[in-house]
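Everything below concerns the one structure shown next.
Chain IDs A, B, C and D follow the sequence of writing; residue 1 opens each chain.
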Amino acid sequence: MFTFAILSQIALNGITLSAIYILVALGFTLIFGVMRIVNFAHGEFAMLGGFALSFFYVSLGLHFLVALPIAAVAVGAFSLVLERVVYRRFYQREMPGMIASLGVSIALMYGGVALWGTHQRSIPSAFSAVYTIGPIFVTAERVVVIGVCLVSLALFYLVLRFTRIGLAMRVVAEDRITAEAQGIDTVATYRFAFFISTAMAALAGGLIGQLFSLSPFMGLMPLVKAFIVVILGGLGGILGAAIGGLVLGLGESFVSTFYGASAAQFISFGLIIAILLFRPQGLVGRKEG
Amino acid sequence: MSVLLAVQGLGKSFRGLRAVNDVSFDIREREIVGLIGPNGAGKTTAINLISGAIRPTSGVVRFRGADVTGMPAHRLARLGLIRTFQATNVYAGKTVFENVYVGTFSSRPSGFWPSLLLTAAFRREREQTRSRIEALLEDLGLRDLADTPAADLPYGYQKMLGLATALAGKPKLIMLDEPAAGLSAEEADLISVLIGRVRDQGVSVLVVDHNMRFMAKICNRMVVLHHGMELTSGPTADVVRDPRVLEAYLGTEHSVA
Amino acid sequence: MALLLDSDDAPSARWRPLARWAAWAAAAAALLAFPLAAGGFLTHTATLVLLTVIGAAGFHLILRVGLVSLGHAAFAGIGGYTSVILMMTFGLPWIVCFVAGGVSAAALALLVGPIVLRLKGVYFVLITFTFGEILRLIFNDWQSMTGGANGISHIPPPWPALMDTRAYYYLALFAAGAAILFCARLLASDFGRKMDAIRESESLAEANGIPVFAVKVIVFAIGCTLAGLQGSLQAHFIRLISPLAYSFQESLNFLVMNVVGGSNSLVGPIVGTVFLVALPEFLRGWVEYQFIIYGVILVVVMAALPGGLVELWQRACRWITSLSTRSGR
Amino acid sequence: MRTTLLAAAALALAALINPPQGAAADLKLGVIAPLSGGGTDWGIGTQRGVELAVDEINAAGGLRVGSETYRVSTVTYDDQYSGQGGTTAATRLIEGDGVKFIFGPLGSTPVLAAQAVAAPGKAVILSSGYSPRILTPQGRHNFRVTLATPEFAPAFIGWLRRTNAQAKRVGIISPNDATGQSVVPILVDAYKKAGFEVVLDEKVERGTSDFTPLVTRMIAQRIEVIELDSSTPGDAGLIVKQARQLGYRGMIMQTGGPAIDEVVNIAGGLAEGYTTMEWFDAGSPEAAPLVAAYRAKYGKAPMNAFVPIMYNAAKLLFEAVKRAGSTDVTAVSAELEKLEGHPSLFGAVRWGGQERYGINHQLMTDFFIAQVKQGKPTVIDRVRP
């Protein structure tokens, strides 16, 4: 079983998953870091992203690589409405914010059911080519997924590192009171962070729809993965999300190929508990306080 | 006057960073001791270490003759060592009376069943506690506010209530973390009078505060911390004139500005 | 009753004792007479409500020390499976199985509690979610013991007479009544004050001599015990047990009941449970929108009514009182 | 305040007491099906099948029983595909609505739950779960109106043996739910009897969407037949797509279903060669009137197999009620048993199950083997179990 061909196939599968997980988890951890909200509706924004992509790509017939960012921006824009109406009331209040986001999650999920029904649907493959590199099968679909993730992660990093608003987000995440005292417009910062977060989730949702399938219930998977990634990497950290995503994607791919899906599930849950107990700050995080 | 609290070689490091390093001092009965030092000198950490909120990495804390190093805070409270905090000192959702009632727990029998079953003995004891709380509130001038939610109190009264709650636990030693912070000069004076009265009733006090005027007025002795180390200690009059103390304070003032 | 609910701050001073007793008597009579007036299905639903109230009250206790356990339903599962397996495989009498259901949940909570309670806030939510899911996977995969995903069917009722829904209603009423009185008494006692102090500020409570960690472990164990007892009663009522009924969605339901009803008083979970079970009745023909409405309610309650429906009621009372005093002048 | 709230709650509940039951000339049929969550499409199919049969008999003037003519109506409740939902829905139908004839549920757990509520003898249940425990000698009023795995697996796998003489290594992917757990042992047994070797038997948790690890494993084990068992249509489509993308060249079978339209929808061109069973051939001439009625009432919505199955079951029930001359549960059950040979949408009625379950309450029907050819689902064979 442990041949080079299989191991490299597993690595490739794992990296595809990792790319998506990181994209989802980054937005999740950003909202937590900046606003201290555990956004239970994060997966639903991914779901909306999938359906938005389906609309722009399938119904309107735009090119896939054009439709994808448009879908993400559309969902991001929609999320700003929710930010204004709901989320803004709960910033910096962890428990009430979590419960309210749960309400948003339920409402969006079943709103999706009312609009689109419950059956799984797919987004037709935009890139159907399959390449064989030696013994490994590489689909163009997966190459695109990895590429899109890399580009958006790079963009995210650049924004965070080199723009004013990125700096503002980092400062607010570090110490809100000081940030306010220094005249940073926290409301605008929150709004921008929220937009970026949900747009990234929507992007991931589109990629999930392309690679797998779409349904109003599809949001649970990205949410649970985001949880696991941030627990692995530590809540609120960027580097942590990247490392957590890689560990989870590769680990899942490896374990479920060799030991089966149930084993993978037990192992990942066991790992979460162990990490929460012994390193609640995550594998790379710093201790708080 | 016998020694109530003895701290020897107390130390704590976070990830190799020494927040408190080799601090030793005593507090005797009926004594008010001030713990001073510039920002980040490790004053609050020292209180946290003594009160059991965090565990020291080195050193020994003895309270009333027993080694209490690393003992959890609730057990220390039952032994008679009670502290207050810089920020949260009241249960915001509870009334003034209820706040103080919670404070009495460390001085009362803690059985689970008598209270659940409302035994006659429990009710008698609770009646006594109630009178005691009323007397305490009367004494502190909070009587009329007994049914007011703590969250609705002005800031000065909240500080007062925090003190009342701590006193309700019948402490032998009370540790006050910045009791006068954010108060007006008038309110601070009120608190200092109060602290004096507490001492007169036989309770020792350890105070941390930035307000030197306030500290100089109430403290018998002072311990000065700087960079987590003990800079000097002695009678208040000597310490406030010590040039090293002045330098430590001014030094940080400059770096802040 | 007045004695059981004794507390220093009861706002009951306004009430004349006679009126209070009369109200209690009326409520008790209404609950006792309910199955006689209502049909079989309503009695069935009411029984489910009563049983759910037991678990929701357990969840409430845990919530009152500031913790949200998303593994709560899994503890109900532990109670249910223990009770059913003891009865059906080992033929033990029901009462033994019922007690064992509660004891097993308590034992597991005492085992796990000291570990998971080291975490707070969001981290506690996450670890209980994970733990609950692990338990669900075990229920689902340990086929030789739990019957796997199919679960165990044809579970006998506690005793044959309880095959009848009406009879079971009275058992449920008794159990729910006992559970609620116990919780009310607990919350009104000194222990309850300690719980509230912990919810407001753990460090302050600790400094005031409250053994925070021990109190949390005890509360977690009591809450889980109630869940376990509910699980046992429910399995013997539905006469079928399967892992699906103990997923984290069910724990979420407990949370929604508490939040919607009100998380500051024990009345909250009771009102919340009734509301959540009754709501679909009012929304008939709107089945597909039912969950959307749940979600919106949750958001609205959190945003505008942190005390839940109980607070709404209190506000309404105050408003009426102010109206009547105004018109009296 | 607590007291008043309690009293108010009790009164509110009491106010919900059901309206009086319908007039004597009204016959209510119950439908229990999933109308929320994953199985919704099948639930709607179940509901529509019964409704079409009901429309038909009402249009013909109603159901004549003895001297009386009944107008037939349906009451449908959602079971959320769960045991508790099945119990609640059945209690509601039997106790609240006074229903004596129930169509569905279609998941194993809710069927068992509904049967427990209806015992002893409160209602006839015409269900369609896969679990072997649904039919027992004691359950005199429980019938199964779809073929379940024990019936069709040997015939389907026998067909596979005949058409693929060399294939040997089989890998099974099944959902880790009630149906998957009860069915897999039966499938494994059937494959072994037909001379195959079951090399891998993988259970998948709900909500899994990445099957590449499983498929990689299958390929590494040189599997020649991937069996998808009772995987949901969406999962089946994904597995087919991912397997082909990873270069899997063997057979992909689904002994269970029906899912072929969704598989084509999701896997597109990669679905070629996917083989499954169909309970019903919607393209056959016998099916034409039903398809027309369905189109007239529900428009272009896809018609899944539960529509003809439940339509057929409702018509069988009407016939049995007519013959019994009453709506008595015991009499109608007895007449249902005696319908052997009666013409139906699925051909002459055949009851089976005696050897396997100890009772002849399994409706035996021919089924069809369908395969994706040139991107289109095509019926390629008809098999009699």
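Definition applied: contacts are C-beta pairs under 8 Å (C-beta built on N, C-alpha and C of every residue); 3 or more make two chains touch, one makes a residue touch a chain.
The structure presented is a predicted model; accordingly, all values stated were derived computationally and were not measured.
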| Starting at chain C, fewest touch steps before arriving at chain D | 1
| request: Compute per-chain Cα centres, compare each with the mean of all protein Cα atoms, and return the closest chain. | output: C
| message | Centroid of chain A to centroid of chain D, CA atoms only: how many Å? | response | 37
| task | Just give me the whole-number Å value for how far the CA centre of chain A lies from that of chain B. | result | 47
| note | chain B to chain C, mean C-alpha position gap in Å, rounds to 40
| task | Pull out every residue in chain A that's touching 2 or more other chains. | result | 113, 262, 265
| said: If a residue has to touch 2 or more other chains to count, which residues of chain C qualify? | reply: 137, 141, 288, 291
| Residue list for chain B, restricted to those that touch at least two other chains | none
| said: Show me the residue ranges of chain D that touch chain A in the complex, using the header's touch definition. | reply: 36-38, 40-41, 176, 202-205, 207-210, 212-214, 216-217, 220, 232-235, 237-238, 245-247, 262, 265-266, 268-269
| In the complex formed with chain D, which residues of chain C make contact? | 11, 20, 23-24, 26-27, 30-31, 34, 37-42, 44-46, 48-49, 137, 140-141, 143, 148-151, 153-154, 165, 238-242, 244-245, 266-267, 270-271, 274, 278, 281, 287-288, 291, 310, 313-314, 317
| message | Can you tell me which positions in chain D touch chain C when the two form their complex? | response | 1-7, 9-14, 16-18, 35-36, 78, 81-84, 86-88, 91-92, 94-96, 108-109, 112-113, 116, 131, 133, 176-178, 180-182, 205
| task | Spell out the residues on chain B that touch chain C in their complex, using ranges where they run on. | result | 51, 53, 72-75, 77-78, 82-85, 88-95, 97-98, 101-103, 105-107, 112, 115-116, 118, 130, 165-166, 169
| chain C residues touching chain B - in the complex, by the definition given at the top | 3, 6, 8-9, 185-186, 189-191, 193-194, 196-197, 200-201, 203-213, 218
